[in-house]
Amino acid sequence: MSSETLVIDVPLRWGDMDAYGHVNNVQVVRIMEEARVAAFGPPAGTGEAGFEAPVPVFTELPEGTQALVAENHVKYRSPLAYRTVPARVEIWVEKVAAASLTVGYAIRDGVDGRLCAEASTVLAFFHEPSGRLLRISAEQRELLRGYVRGA
Amino acid sequence: MSSETLVIDVPLRWGDMDAYGHVNNVQVVRIMEEARVAAFGPPAGTGEAGFEAPVPVFTELPEGTQALVAENHVKYRSPLAYRTVPARVEIWVEKVAAASLTVGYAIRDGVDGRLCAEASTVLAFFHEPSGRLLRISAEQRELLRGYVRGA
Amino acid sequence: MSSETLVIDVPLRWGDMDAYGHVNNVQVVRIMEEARVAAFGPPAGTGEAGFEAPVPVFTELPEGTQALVAENHVKYRSPLAYRTVPARVEIWVEKVAAASLTVGYAIRDGVDGRLCAEASTVLAFFHEPSGRLLRISAEQRELLRGYVRGA
Amino acid sequence: MSSETLVIDVPLRWGDMDAYGHVNNVQVVRIMEEARVAAFGPPAGTGEAGFEAPVPVFTELPEGTQALVAENHVKYRSPLAYRTVPARVEIWVEKVAAASLTVGYAIRDGVDGRLCAEASTVLAFFHEPSGRLLRISAEQRELLRGYVRGA
(Lines give C-alpha, C1' and ligand atoms only; values in the text may rest on other atoms or scores of the structure.)
Protein backbone atom coordinates (compact mmCIF):
# COMPACT_ATOMS: atom_id res chain seq x y z
CA MET A 1 0.00 0.00 0.00
CA SER A 2 1.58 3.23 -1.12
CA SER A 3 1.77 6.31 1.07
CA GLU A 4 -0.79 8.16 -1.05
CA THR A 5 -3.54 5.75 -0.07
CA LEU A 6 -6.41 6.63 2.25
CA VAL A 7 -7.92 3.74 4.18
CA ILE A 8 -11.66 4.01 4.75
CA ASP A 9 -13.82 1.64 6.80
CA VAL A 10 -17.16 1.14 5.07
CA PRO A 11 -19.78 -0.60 7.26
CA LEU A 12 -21.70 -3.33 5.47
CA ARG A 13 -25.44 -3.85 5.86
CA TRP A 14 -27.15 -7.19 6.26
CA GLY A 15 -29.35 -6.23 3.31
CA ASP A 16 -26.27 -5.90 1.06
CA MET A 17 -26.37 -9.68 0.71
CA ASP A 18 -28.31 -11.18 -2.16
CA ALA A 19 -29.82 -14.63 -2.56
CA TYR A 20 -26.31 -16.09 -2.98
CA GLY A 21 -25.48 -15.02 0.57
CA HIS A 22 -22.61 -12.65 -0.36
CA VAL A 23 -22.51 -8.90 -0.77
CA ASN A 24 -24.24 -8.30 -4.11
CA ASN A 25 -22.07 -7.04 -7.00
CA VAL A 26 -24.18 -3.87 -7.28
CA GLN A 27 -23.73 -3.16 -3.58
CA VAL A 28 -19.96 -3.26 -4.11
CA VAL A 29 -20.49 -0.20 -6.33
CA ARG A 30 -22.51 1.35 -3.48
CA ILE A 31 -19.52 0.71 -1.18
CA MET A 32 -17.32 2.58 -3.67
CA GLU A 33 -19.74 5.54 -3.48
CA GLU A 34 -19.57 5.46 0.31
CA ALA A 35 -15.77 5.36 0.29
CA ARG A 36 -15.67 8.41 -2.03
CA VAL A 37 -18.05 10.34 0.21
CA ALA A 38 -16.00 9.43 3.30
CA ALA A 39 -12.76 10.49 1.57
CA PHE A 40 -13.92 13.60 -0.32
CA GLY A 41 -16.97 14.64 1.71
CA PRO A 42 -20.65 14.67 0.77
CA PRO A 43 -21.14 16.75 -2.39
CA ALA A 44 -21.98 20.39 -1.64
CA GLY A 45 -25.69 21.04 -1.39
CA THR A 46 -26.60 17.51 -0.26
CA GLY A 47 -27.21 16.43 3.32
CA GLU A 48 -26.23 18.32 6.44
CA ALA A 49 -22.97 18.89 8.31
CA GLY A 50 -21.03 15.89 9.61
CA PHE A 51 -17.43 14.84 10.17
CA GLU A 52 -14.92 16.74 8.09
CA ALA A 53 -13.56 14.63 5.24
CA PRO A 54 -9.79 14.14 4.96
CA VAL A 55 -9.71 15.51 1.37
CA PRO A 56 -12.85 17.72 1.11
CA VAL A 57 -12.89 18.08 -2.67
CA PHE A 58 -16.64 17.39 -2.91
CA THR A 59 -17.63 19.50 0.09
CA GLU A 60 -15.98 22.58 -1.36
CA LEU A 61 -17.53 22.45 -4.82
CA PRO A 62 -18.88 25.80 -6.05
CA GLU A 63 -22.63 26.26 -5.57
CA GLY A 64 -24.78 24.54 -8.18
CA THR A 65 -22.04 22.05 -9.05
CA GLN A 66 -22.65 18.29 -9.07
CA ALA A 67 -20.00 15.59 -8.74
CA LEU A 68 -20.97 13.23 -11.57
CA VAL A 69 -19.76 9.68 -12.14
CA ALA A 70 -18.58 9.41 -15.73
CA GLU A 71 -17.28 5.86 -15.53
CA ASN A 72 -17.19 2.93 -13.10
CA HIS A 73 -14.99 -0.11 -13.57
CA VAL A 74 -14.97 -3.00 -11.09
CA LYS A 75 -13.04 -6.25 -11.16
CA TYR A 76 -14.45 -8.68 -8.61
CA ARG A 77 -11.60 -10.81 -7.25
CA SER A 78 -13.37 -12.90 -4.60
CA PRO A 79 -16.82 -12.82 -3.00
CA LEU A 80 -17.17 -10.18 -0.27
CA ALA A 81 -18.63 -11.80 2.84
CA TYR A 82 -21.11 -9.88 4.97
CA ARG A 83 -19.79 -9.23 8.49
CA THR A 84 -20.62 -6.72 11.22
CA VAL A 85 -16.98 -5.65 10.72
CA PRO A 86 -16.69 -2.88 8.07
CA ALA A 87 -15.04 -3.56 4.72
CA ARG A 88 -11.65 -1.91 4.40
CA VAL A 89 -11.43 0.27 1.31
CA GLU A 90 -8.13 1.67 0.11
CA ILE A 91 -8.73 4.71 -2.07
CA TRP A 92 -6.35 6.93 -4.02
CA VAL A 93 -6.23 9.26 -7.00
CA GLU A 94 -5.08 7.65 -10.22
CA LYS A 95 -5.15 10.68 -12.44
CA VAL A 96 -6.10 14.33 -12.46
CA ALA A 97 -7.00 15.45 -15.98
CA ALA A 98 -8.16 18.85 -17.24
CA ALA A 99 -11.81 18.32 -16.37
CA SER A 100 -11.94 14.92 -14.68
CA LEU A 101 -10.52 12.92 -11.85
CA THR A 102 -9.88 9.17 -11.70
CA VAL A 103 -10.12 7.44 -8.34
CA GLY A 104 -8.76 3.95 -7.64
CA TYR A 105 -9.96 1.50 -4.99
CA ALA A 106 -9.03 -1.83 -3.45
CA ILE A 107 -11.89 -3.32 -1.43
CA ARG A 108 -10.81 -5.78 1.23
CA ASP A 109 -12.45 -8.03 3.79
CA GLY A 110 -12.35 -6.20 7.13
CA VAL A 111 -11.07 -9.21 9.06
CA ASP A 112 -8.63 -11.16 6.90
CA GLY A 113 -7.71 -8.38 4.44
CA ARG A 114 -8.50 -10.51 1.43
CA LEU A 115 -8.77 -8.51 -1.81
CA CYS A 116 -12.40 -8.68 -2.96
CA ALA A 117 -12.50 -6.05 -5.68
CA GLU A 118 -10.28 -3.60 -7.57
CA ALA A 119 -12.06 -0.65 -9.06
CA SER A 120 -11.87 2.83 -10.50
CA THR A 121 -14.25 5.75 -11.01
CA VAL A 122 -13.91 8.70 -13.35
CA LEU A 123 -15.54 11.81 -11.89
CA ALA A 124 -16.44 15.11 -13.49
CA PHE A 125 -17.86 18.27 -11.98
CA PHE A 126 -20.95 19.62 -13.70
CA HIS A 127 -22.01 23.21 -13.20
CA GLU A 128 -25.79 23.15 -13.56
CA PRO A 129 -26.45 26.88 -14.09
CA SER A 130 -24.09 27.02 -17.09
CA GLY A 131 -24.63 23.41 -18.24
CA ARG A 132 -20.88 22.91 -18.49
CA LEU A 133 -18.19 20.71 -16.97
CA LEU A 134 -15.78 22.59 -14.72
CA ARG A 135 -12.03 22.36 -15.08
CA ILE A 136 -10.21 20.93 -12.06
CA SER A 137 -9.16 24.04 -10.18
CA ALA A 138 -5.77 24.88 -8.69
CA GLU A 139 -7.27 24.52 -5.20
CA GLN A 140 -8.61 21.05 -6.01
CA ARG A 141 -5.23 19.99 -7.42
CA GLU A 142 -3.61 21.22 -4.24
CA LEU A 143 -6.05 19.24 -2.05
CA LEU A 144 -5.56 16.07 -4.09
CA ARG A 145 -1.79 16.32 -4.45
CA GLY A 146 -0.78 14.02 -1.63
CA TYR A 147 -3.10 11.26 -2.85
CA VAL A 148 -2.02 10.86 -6.48
CA ARG A 149 -0.40 7.45 -6.81
CA GLY A 150 2.88 7.42 -8.63
CA ALA A 151 2.94 11.20 -8.86
CA MET B 1 -34.29 6.97 28.06
CA SER B 2 -34.90 4.00 30.31
CA SER B 3 -32.11 1.73 31.56
CA GLU B 4 -33.28 -1.15 29.35
CA THR B 5 -32.43 0.74 26.20
CA LEU B 6 -29.51 -0.12 23.93
CA VAL B 7 -28.09 2.75 21.91
CA ILE B 8 -26.83 1.78 18.46
CA ASP B 9 -25.07 4.03 15.96
CA VAL B 10 -26.26 3.27 12.45
CA PRO B 11 -24.12 4.87 9.70
CA LEU B 12 -26.15 6.48 6.94
CA ARG B 13 -25.27 6.21 3.27
CA TRP B 14 -25.37 9.04 0.78
CA GLY B 15 -27.60 6.86 -1.38
CA ASP B 16 -30.20 6.66 1.41
CA MET B 17 -31.40 10.07 0.28
CA ASP B 18 -34.17 10.27 -2.28
CA ALA B 19 -35.10 13.05 -4.70
CA TYR B 20 -36.43 15.11 -1.77
CA GLY B 21 -32.91 15.23 -0.31
CA HIS B 22 -33.74 13.44 2.96
CA VAL B 23 -33.29 9.84 4.04
CA ASN B 24 -36.06 8.00 2.18
CA ASN B 25 -38.89 6.54 4.28
CA VAL B 26 -38.07 3.02 3.09
CA GLN B 27 -34.44 3.44 4.10
CA VAL B 28 -35.61 4.27 7.64
CA VAL B 29 -36.93 0.69 7.71
CA ARG B 30 -33.50 -0.46 6.49
CA ILE B 31 -31.96 1.45 9.41
CA MET B 32 -34.27 -0.46 11.77
CA GLU B 33 -33.01 -3.74 10.28
CA GLU B 34 -29.41 -2.61 10.79
CA ALA B 35 -30.11 -1.64 14.42
CA ARG B 36 -31.63 -5.09 15.08
CA VAL B 37 -28.63 -6.86 13.55
CA ALA B 38 -26.23 -4.70 15.61
CA ALA B 39 -28.19 -5.41 18.81
CA PHE B 40 -29.08 -9.08 18.33
CA GLY B 41 -26.38 -10.23 15.89
CA PRO B 42 -26.66 -11.36 12.28
CA PRO B 43 -29.12 -14.26 12.03
CA ALA B 44 -27.43 -17.65 12.30
CA GLY B 45 -26.40 -19.05 8.93
CA THR B 46 -25.97 -15.67 7.25
CA GLY B 47 -22.69 -13.84 6.75
CA GLU B 48 -19.43 -14.54 8.52
CA ALA B 49 -18.05 -13.81 11.98
CA GLY B 50 -17.85 -10.21 13.18
CA PHE B 51 -18.17 -8.25 16.40
CA GLU B 52 -20.14 -10.00 19.09
CA ALA B 53 -23.59 -8.48 19.53
CA PRO B 54 -24.60 -7.21 22.99
CA VAL B 55 -27.74 -9.44 23.04
CA PRO B 56 -26.94 -12.31 20.62
CA VAL B 57 -30.47 -13.65 20.28
CA PHE B 58 -30.24 -13.95 16.47
CA THR B 59 -26.71 -15.34 16.42
CA GLU B 60 -27.66 -18.25 18.65
CA LEU B 61 -30.75 -19.40 16.77
CA PRO B 62 -30.92 -23.17 16.24
CA GLU B 63 -29.72 -24.35 12.83
CA GLY B 64 -32.25 -23.94 10.03
CA THR B 65 -34.13 -21.20 11.89
CA GLN B 66 -34.91 -17.83 10.30
CA ALA B 67 -35.66 -14.61 12.16
CA LEU B 68 -38.76 -13.38 10.31
CA VAL B 69 -40.33 -9.94 10.45
CA ALA B 70 -44.05 -10.37 11.12
CA GLU B 71 -44.89 -6.68 11.44
CA ASN B 72 -43.26 -3.27 11.00
CA HIS B 73 -44.78 -0.04 12.25
CA VAL B 74 -43.07 3.32 11.76
CA LYS B 75 -44.22 6.81 12.73
CA TYR B 76 -42.10 9.41 10.99
CA ARG B 77 -41.77 12.43 13.29
CA SER B 78 -39.42 14.67 11.32
CA PRO B 79 -37.28 14.24 8.21
CA LEU B 80 -34.01 12.41 8.86
CA ALA B 81 -31.16 14.43 7.35
CA TYR B 82 -28.25 12.62 5.72
CA ARG B 83 -24.95 13.26 7.51
CA THR B 84 -21.61 11.46 7.68
CA VAL B 85 -22.46 11.16 11.40
CA PRO B 86 -24.42 7.94 12.14
CA ALA B 87 -28.07 8.05 13.19
CA ARG B 88 -28.56 7.21 16.87
CA VAL B 89 -31.04 4.40 17.32
CA GLU B 90 -32.42 3.54 20.72
CA ILE B 91 -33.70 -0.02 20.72
CA TRP B 92 -35.46 -2.06 23.41
CA VAL B 93 -37.80 -5.02 23.83
CA GLU B 94 -41.45 -4.09 24.15
CA LYS B 95 -42.87 -7.55 24.67
CA VAL B 96 -41.89 -11.18 24.74
CA ALA B 97 -44.87 -13.38 23.81
CA ALA B 98 -45.07 -17.17 23.48
CA ALA B 99 -43.73 -17.28 19.92
CA SER B 100 -42.88 -13.69 19.07
CA LEU B 101 -40.88 -10.72 20.20
CA THR B 102 -41.71 -7.04 19.83
CA VAL B 103 -38.85 -4.59 19.49
CA GLY B 104 -39.22 -0.82 19.92
CA TYR B 105 -37.05 1.91 18.39
CA ALA B 106 -36.50 5.64 18.55
CA ILE B 107 -34.42 6.92 15.63
CA ARG B 108 -32.64 10.19 16.29
CA ASP B 109 -30.42 12.59 14.39
CA GLY B 110 -26.81 11.80 15.32
CA VAL B 111 -25.89 15.43 15.94
CA ASP B 112 -28.82 17.25 17.53
CA GLY B 113 -30.67 14.20 18.91
CA ARG B 114 -33.94 15.21 17.25
CA LEU B 115 -36.52 12.39 17.19
CA CYS B 116 -37.04 11.40 13.56
CA ALA B 117 -39.02 8.19 13.88
CA GLU B 118 -40.63 5.91 16.46
CA ALA B 119 -41.09 2.34 15.38
CA SER B 120 -41.69 -1.25 16.35
CA THR B 121 -41.10 -4.67 14.79
CA VAL B 122 -42.71 -7.98 15.65
CA LEU B 123 -40.31 -10.87 15.09
CA ALA B 124 -40.93 -14.60 14.93
CA PHE B 125 -38.51 -17.49 14.60
CA PHE B 126 -39.32 -19.90 11.81
CA HIS B 127 -37.84 -23.39 11.81
CA GLU B 128 -37.56 -24.30 8.12
CA PRO B 129 -37.08 -28.08 8.43
CA SER B 130 -40.32 -28.47 10.42
CA GLY B 131 -42.17 -25.53 8.82
CA ARG B 132 -43.17 -24.24 12.24
CA LEU B 133 -42.67 -21.16 14.39
CA LEU B 134 -40.50 -21.76 17.44
CA ARG B 135 -41.54 -20.77 20.93
CA ILE B 136 -39.29 -18.21 22.60
CA SER B 137 -36.92 -20.37 24.65
CA ALA B 138 -35.90 -19.96 28.28
CA GLU B 139 -32.37 -19.06 27.11
CA GLN B 140 -33.72 -16.33 24.82
CA ARG B 141 -35.89 -14.93 27.62
CA GLU B 142 -32.84 -14.85 29.84
CA LEU B 143 -30.78 -12.99 27.21
CA LEU B 144 -33.55 -10.46 26.60
CA ARG B 145 -34.49 -9.90 30.25
CA GLY B 146 -32.49 -6.76 30.88
CA TYR B 147 -33.90 -5.06 27.80
CA VAL B 148 -37.66 -5.38 28.33
CA ARG B 149 -39.05 -1.92 28.91
CA GLY B 150 -41.35 -1.60 31.88
CA ALA B 151 -40.70 -5.19 32.92
CA MET C 1 -61.93 -7.06 -3.66
CA SER C 2 -64.17 -4.04 -3.46
CA SER C 3 -64.91 -1.84 -6.45
CA GLU C 4 -62.84 1.02 -5.01
CA THR C 5 -59.63 -0.96 -5.34
CA LEU C 6 -56.95 -0.22 -7.91
CA VAL C 7 -54.81 -3.18 -8.95
CA ILE C 8 -51.19 -2.32 -9.70
CA ASP C 9 -48.53 -4.70 -11.03
CA VAL C 10 -45.20 -3.98 -9.34
CA PRO C 11 -42.22 -5.71 -11.01
CA LEU C 12 -39.83 -7.34 -8.56
CA ARG C 13 -36.06 -7.16 -8.89
CA TRP C 14 -33.69 -10.07 -8.36
CA GLY C 15 -31.81 -7.88 -5.88
CA ASP C 16 -34.97 -7.54 -3.74
CA MET C 17 -34.12 -10.94 -2.29
CA ASP C 18 -32.01 -11.11 0.83
CA ALA C 19 -29.84 -13.92 2.17
CA TYR C 20 -32.98 -15.89 3.10
CA GLY C 21 -33.89 -16.08 -0.59
CA HIS C 22 -37.22 -14.19 -0.30
CA VAL C 23 -38.10 -10.57 -0.99
CA ASN C 24 -36.65 -8.70 1.99
CA ASN C 25 -39.10 -7.11 4.44
CA VAL C 26 -37.69 -3.65 3.71
CA GLN C 27 -38.17 -4.15 -0.02
CA VAL C 28 -41.85 -4.85 0.64
CA VAL C 29 -42.02 -1.24 1.85
CA ARG C 30 -40.28 -0.21 -1.39
CA ILE C 31 -42.99 -2.09 -3.30
CA MET C 32 -45.61 -0.07 -1.40
CA GLU C 33 -43.86 3.13 -2.51
CA GLU C 34 -43.87 1.92 -6.11
CA ALA C 35 -47.58 1.07 -5.94
CA ARG C 36 -48.38 4.57 -4.61
CA VAL C 37 -46.37 6.21 -7.40
CA ALA C 38 -48.09 4.04 -10.01
CA ALA C 39 -51.54 4.88 -8.58
CA PHE C 40 -51.09 8.56 -7.71
CA GLY C 41 -48.26 9.58 -10.04
CA PRO C 42 -44.69 10.64 -9.26
CA PRO C 43 -44.74 13.59 -6.86
CA ALA C 44 -44.65 16.95 -8.67
CA GLY C 45 -41.13 18.25 -9.21
CA THR C 46 -39.50 14.79 -9.29
CA GLY C 47 -38.56 12.87 -12.43
CA GLU C 48 -39.81 13.52 -15.94
CA ALA C 49 -43.06 12.84 -17.79
CA GLY C 50 -44.30 9.27 -18.08
CA PHE C 51 -47.59 7.40 -18.19
CA GLU C 52 -50.50 9.26 -16.67
CA ALA C 53 -51.48 7.85 -13.30
CA PRO C 54 -55.07 6.69 -12.80
CA VAL C 55 -55.55 9.00 -9.75
CA PRO C 56 -52.95 11.79 -10.26
CA VAL C 57 -53.09 13.23 -6.73
CA PHE C 58 -49.30 13.42 -6.41
CA THR C 59 -48.68 14.71 -9.92
CA GLU C 60 -50.96 17.69 -9.39
CA LEU C 61 -49.53 18.89 -6.08
CA PRO C 62 -48.93 22.66 -5.93
CA GLU C 63 -45.33 23.73 -6.64
CA GLY C 64 -42.96 23.31 -3.70
CA THR C 65 -45.15 20.66 -2.07
CA GLN C 66 -43.78 17.28 -0.98
CA ALA C 67 -45.82 14.11 -0.43
CA LEU C 68 -44.48 12.93 2.94
CA VAL C 69 -44.95 9.54 4.54
CA ALA C 70 -46.14 10.08 8.12
CA GLU C 71 -46.68 6.44 8.99
CA ASN C 72 -46.10 2.98 7.53
CA HIS C 73 -47.65 -0.19 8.92
CA VAL C 74 -47.02 -3.61 7.39
CA LYS C 75 -48.25 -7.03 8.46
CA TYR C 76 -46.27 -9.74 6.69
CA ARG C 77 -48.58 -12.71 6.10
CA SER C 78 -46.34 -15.06 4.11
CA PRO C 79 -42.93 -14.76 2.45
CA LEU C 80 -43.05 -13.01 -0.94
CA ALA C 81 -41.18 -15.12 -3.49
CA TYR C 82 -39.09 -13.45 -6.16
CA ARG C 83 -40.39 -14.13 -9.67
CA THR C 84 -40.02 -12.42 -13.03
CA VAL C 85 -43.82 -12.01 -12.76
CA PRO C 86 -44.75 -8.71 -11.01
CA ALA C 87 -46.33 -8.70 -7.56
CA ARG C 88 -50.01 -7.76 -7.63
CA VAL C 89 -50.74 -4.87 -5.31
CA GLU C 90 -54.31 -3.88 -4.48
CA ILE C 91 -54.39 -0.30 -3.30
CA TRP C 92 -57.27 1.86 -2.01
CA VAL C 93 -57.95 4.89 0.18
CA GLU C 94 -58.84 4.06 3.76
CA LYS C 95 -59.46 7.57 5.01
CA VAL C 96 -59.28 11.19 3.94
CA ALA C 97 -58.73 13.44 6.96
CA ALA C 98 -58.32 17.22 7.13
CA ALA C 99 -54.61 17.22 6.34
CA SER C 100 -53.73 13.57 5.71
CA LEU C 101 -54.64 10.59 3.63
CA THR C 102 -54.49 6.91 4.60
CA VAL C 103 -53.81 4.38 1.87
CA GLY C 104 -54.39 0.63 2.26
CA TYR C 105 -52.63 -2.19 0.40
CA ALA C 106 -52.82 -5.94 -0.08
CA ILE C 107 -49.66 -7.34 -1.66
CA ARG C 108 -50.12 -10.64 -3.45
CA ASP C 109 -47.99 -13.15 -5.30
CA GLY C 110 -48.35 -12.44 -9.02
CA VAL C 111 -48.92 -16.07 -9.95
CA ASP C 112 -50.98 -17.76 -7.25
CA GLY C 113 -52.54 -14.63 -5.69
CA ARG C 114 -51.42 -15.59 -2.19
CA LEU C 115 -51.66 -12.72 0.30
CA CYS C 116 -48.10 -11.81 1.34
CA ALA C 117 -48.64 -8.53 3.20
CA GLU C 118 -51.36 -6.15 4.34
CA ALA C 119 -50.27 -2.59 4.86
CA SER C 120 -51.21 1.04 5.23
CA THR C 121 -49.49 4.40 4.80
CA VAL C 122 -50.50 7.79 6.18
CA LEU C 123 -49.49 10.60 3.83
CA ALA C 124 -49.35 14.32 4.38
CA PHE C 125 -48.57 17.15 1.97
CA PHE C 126 -45.87 19.52 3.12
CA HIS C 127 -45.56 22.96 1.57
CA GLU C 128 -41.86 23.80 1.81
CA PRO C 129 -41.99 27.57 1.20
CA SER C 130 -44.43 28.08 4.10
CA GLY C 131 -43.20 25.15 6.25
CA ARG C 132 -46.77 23.97 6.75
CA LEU C 133 -48.89 20.93 6.02
CA LEU C 134 -51.56 21.54 3.39
CA ARG C 135 -55.21 20.65 3.93
CA ILE C 136 -56.58 18.07 1.52
CA SER C 137 -58.20 20.22 -1.16
CA ALA C 138 -61.64 19.88 -2.70
CA GLU C 139 -59.99 18.86 -6.00
CA GLN C 140 -58.00 16.10 -4.26
CA ARG C 141 -61.13 14.82 -2.51
CA GLU C 142 -62.89 14.71 -5.86
CA LEU C 143 -60.01 12.74 -7.46
CA LEU C 144 -59.90 10.27 -4.56
CA ARG C 145 -63.65 9.85 -4.15
CA GLY C 146 -64.10 6.67 -6.16
CA TYR C 147 -61.30 4.91 -4.27
CA VAL C 148 -62.37 5.36 -0.64
CA ARG C 149 -63.25 1.95 0.71
CA GLY C 150 -66.54 1.76 2.56
CA ALA C 151 -67.37 5.35 1.73
CA MET D 1 -28.93 -1.74 -33.52
CA SER D 2 -27.65 -5.03 -34.85
CA SER D 3 -29.86 -8.07 -35.31
CA GLU D 4 -28.21 -9.89 -32.41
CA THR D 5 -29.51 -7.39 -29.88
CA LEU D 6 -32.27 -8.14 -27.40
CA VAL D 7 -34.31 -5.15 -26.24
CA ILE D 8 -35.45 -5.31 -22.62
CA ASP D 9 -37.72 -2.84 -20.85
CA VAL D 10 -36.51 -2.30 -17.29
CA PRO D 11 -39.01 -0.42 -15.08
CA LEU D 12 -37.45 2.32 -12.97
CA ARG D 13 -38.37 2.93 -9.35
CA TRP D 14 -38.93 6.35 -7.79
CA GLY D 15 -36.36 5.38 -5.15
CA ASP D 16 -33.71 4.91 -7.85
CA MET D 17 -33.26 8.68 -7.80
CA ASP D 18 -30.67 10.15 -5.49
CA ALA D 19 -30.38 13.65 -4.00
CA TYR D 20 -29.42 14.99 -7.45
CA GLY D 21 -32.85 13.98 -8.76
CA HIS D 22 -31.57 11.53 -11.41
CA VAL D 23 -31.24 7.75 -11.37
CA ASN D 24 -28.20 7.12 -9.15
CA ASN D 25 -25.07 5.73 -10.83
CA VAL D 26 -25.20 2.62 -8.63
CA GLN D 27 -28.81 1.97 -9.62
CA VAL D 28 -27.72 1.96 -13.27
CA VAL D 29 -25.69 -1.14 -12.34
CA ARG D 30 -28.85 -2.56 -10.73
CA ILE D 31 -30.66 -1.94 -14.04
CA MET D 32 -27.92 -3.93 -15.80
CA GLU D 33 -28.54 -6.82 -13.38
CA GLU D 34 -32.27 -6.65 -14.09
CA ALA D 35 -31.68 -6.65 -17.86
CA ARG D 36 -29.46 -9.76 -17.54
CA VAL D 37 -32.09 -11.57 -15.48
CA ALA D 38 -34.80 -10.65 -17.99
CA ALA D 39 -32.65 -11.84 -20.90
CA PHE D 40 -31.04 -14.95 -19.41
CA GLY D 41 -33.53 -15.87 -16.67
CA PRO D 42 -33.14 -15.82 -12.89
CA PRO D 43 -30.15 -17.96 -11.88
CA ALA D 44 -31.11 -21.55 -11.11
CA GLY D 45 -31.92 -22.11 -7.44
CA THR D 46 -33.08 -18.53 -6.80
CA GLY D 47 -36.68 -17.34 -6.76
CA GLU D 48 -39.68 -19.18 -8.15
CA ALA D 49 -41.05 -19.78 -11.62
CA GLY D 50 -41.96 -16.80 -13.80
CA PHE D 51 -41.96 -15.84 -17.46
CA GLU D 52 -39.57 -17.85 -19.60
CA ALA D 53 -36.49 -15.85 -20.55
CA PRO D 54 -35.66 -15.46 -24.26
CA VAL D 55 -32.14 -16.93 -23.77
CA PRO D 56 -32.41 -19.08 -20.60
CA VAL D 57 -28.68 -19.52 -19.99
CA PHE D 58 -28.98 -18.74 -16.25
CA THR D 59 -32.15 -20.73 -15.67
CA GLU D 60 -30.57 -23.91 -17.02
CA LEU D 61 -27.37 -23.82 -14.97
CA PRO D 62 -26.44 -27.15 -13.37
CA GLU D 63 -27.48 -27.51 -9.71
CA GLY D 64 -25.16 -25.79 -7.25
CA THR D 65 -23.84 -23.38 -9.88
CA GLN D 66 -23.82 -19.61 -9.36
CA ALA D 67 -23.68 -16.98 -12.10
CA LEU D 68 -20.95 -14.67 -10.77
CA VAL D 69 -20.12 -11.18 -11.97
CA ALA D 70 -16.37 -11.01 -12.61
CA GLU D 71 -16.29 -7.49 -14.00
CA ASN D 72 -18.59 -4.50 -14.52
CA HIS D 73 -17.72 -1.53 -16.70
CA VAL D 74 -20.09 1.41 -17.17
CA LYS D 75 -19.64 4.61 -19.15
CA TYR D 76 -22.31 7.12 -18.17
CA ARG D 77 -23.17 9.22 -21.24
CA SER D 78 -25.99 11.40 -19.94
CA PRO D 79 -28.09 11.45 -16.76
CA LEU D 80 -30.91 8.90 -16.76
CA ALA D 81 -34.16 10.63 -15.80
CA TYR D 82 -36.68 8.83 -13.65
CA ARG D 83 -39.99 8.23 -15.45
CA THR D 84 -42.87 5.81 -14.98
CA VAL D 85 -41.87 4.63 -18.48
CA PRO D 86 -39.28 1.80 -18.31
CA ALA D 87 -35.70 2.34 -19.44
CA ARG D 88 -34.92 0.60 -22.74
CA VAL D 89 -31.91 -1.66 -22.42
CA GLU D 90 -30.28 -3.18 -25.48
CA ILE D 91 -28.30 -6.24 -24.49
CA TRP D 92 -26.09 -8.58 -26.51
CA VAL D 93 -23.17 -10.98 -26.12
CA GLU D 94 -19.78 -9.46 -26.82
CA LYS D 95 -17.67 -12.55 -26.35
CA VAL D 96 -17.89 -16.18 -25.33
CA ALA D 97 -14.58 -17.36 -23.88
CA ALA D 98 -13.61 -20.76 -22.46
CA ALA D 99 -15.00 -20.09 -18.99
CA SER D 100 -16.58 -16.67 -19.20
CA LEU D 101 -19.11 -14.64 -21.07
CA THR D 102 -19.06 -10.90 -21.81
CA VAL D 103 -22.37 -9.10 -22.12
CA GLY D 104 -22.76 -5.62 -23.64
CA TYR D 105 -25.51 -3.07 -22.91
CA ALA D 106 -26.80 0.26 -24.14
CA ILE D 107 -29.17 1.88 -21.65
CA ARG D 108 -31.57 4.38 -23.17
CA ASP D 109 -34.28 6.72 -21.99
CA GLY D 110 -37.62 4.98 -22.53
CA VAL D 111 -39.26 8.00 -24.14
CA ASP D 112 -36.72 9.83 -26.30
CA GLY D 113 -34.24 6.97 -26.77
CA ARG D 114 -31.29 9.06 -25.61
CA LEU D 115 -28.19 6.98 -24.80
CA CYS D 116 -27.58 7.22 -21.04
CA ALA D 117 -24.97 4.52 -20.48
CA GLU D 118 -22.87 1.97 -22.33
CA ALA D 119 -21.72 -0.98 -20.28
CA SER D 120 -20.37 -4.49 -20.18
CA THR D 121 -20.30 -7.35 -17.68
CA VAL D 122 -18.03 -10.37 -17.60
CA LEU D 123 -19.79 -13.40 -16.13
CA ALA D 124 -18.43 -16.71 -14.92
CA PHE D 125 -20.22 -19.80 -13.68
CA PHE D 126 -19.02 -21.09 -10.34
CA HIS D 127 -19.76 -24.65 -9.27
CA GLU D 128 -19.96 -24.51 -5.49
CA PRO D 129 -19.64 -28.23 -4.66
CA SER D 130 -16.33 -28.49 -6.55
CA GLY D 131 -15.17 -24.90 -5.94
CA ARG D 132 -14.36 -24.49 -9.63
CA LEU D 133 -15.41 -22.34 -12.56
CA LEU D 134 -17.32 -24.23 -15.22
CA ARG D 135 -16.40 -24.10 -18.88
CA ILE D 136 -19.07 -22.65 -21.16
CA SER D 137 -20.87 -25.76 -22.41
CA ALA D 138 -21.85 -26.63 -25.96
CA GLU D 139 -25.53 -26.18 -24.99
CA GLN D 140 -24.82 -22.69 -23.65
CA ARG D 141 -22.91 -21.74 -26.80
CA GLU D 142 -25.85 -22.93 -28.85
CA LEU D 143 -28.32 -20.85 -26.80
CA LEU D 144 -26.14 -17.74 -27.06
CA ARG D 145 -25.23 -18.11 -30.71
CA GLY D 146 -27.79 -15.76 -32.20
CA TYR D 147 -26.87 -12.96 -29.80
CA VAL D 148 -23.11 -12.67 -30.30
CA ARG D 149 -22.45 -9.31 -31.91
CA GLY D 150 -20.17 -9.41 -34.89
CA ALA D 151 -20.00 -13.20 -34.81
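Labels A, B, C and D are assigned to the chains in the order they are written; within every chain, residues are numbered from 1.
Heads up, the rule we're going with is that a residue touches a chain if its C-beta (ideal position, glycine included) is under 8 Å from a C-beta of that chain, and two chains touch if they have at least 3 such contacts.
Keep in mind that what you see is a predicted model, and the values were worked out from it rather than measured.
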Going by C-alpha centroids, which chain is farthest from chain C? Tell me that one.
A
Pair joined by the larger number of C-beta contacts - A-D, C-D
C-D
Round to the nearest whole Å and give the separation of the Cα centres of chain A and chain D.
25
Distance between the centres, which are taken as Cα means, of chain D and chain C, whole angstrom
29
If I count partner chains per residue in chain A, which residues reach a count of at least 2?
14-15, 17, 19, 21, 26, 30, 33, 46-47, 82
For the complex, which residues does chain D have touching chain C?
11, 13-15, 17, 21, 30, 33-34, 37-38, 41-42, 46-51, 53, 81-85, 111
Contact footprint of chain C on chain A as seen in their complex:
14-15, 17-19, 21, 24, 26, 82
Parts of chain B lying in touch with chain C, wherever the complex brings them together
19-20, 25-26, 29-30, 33, 46-47, 66, 68-76, 79
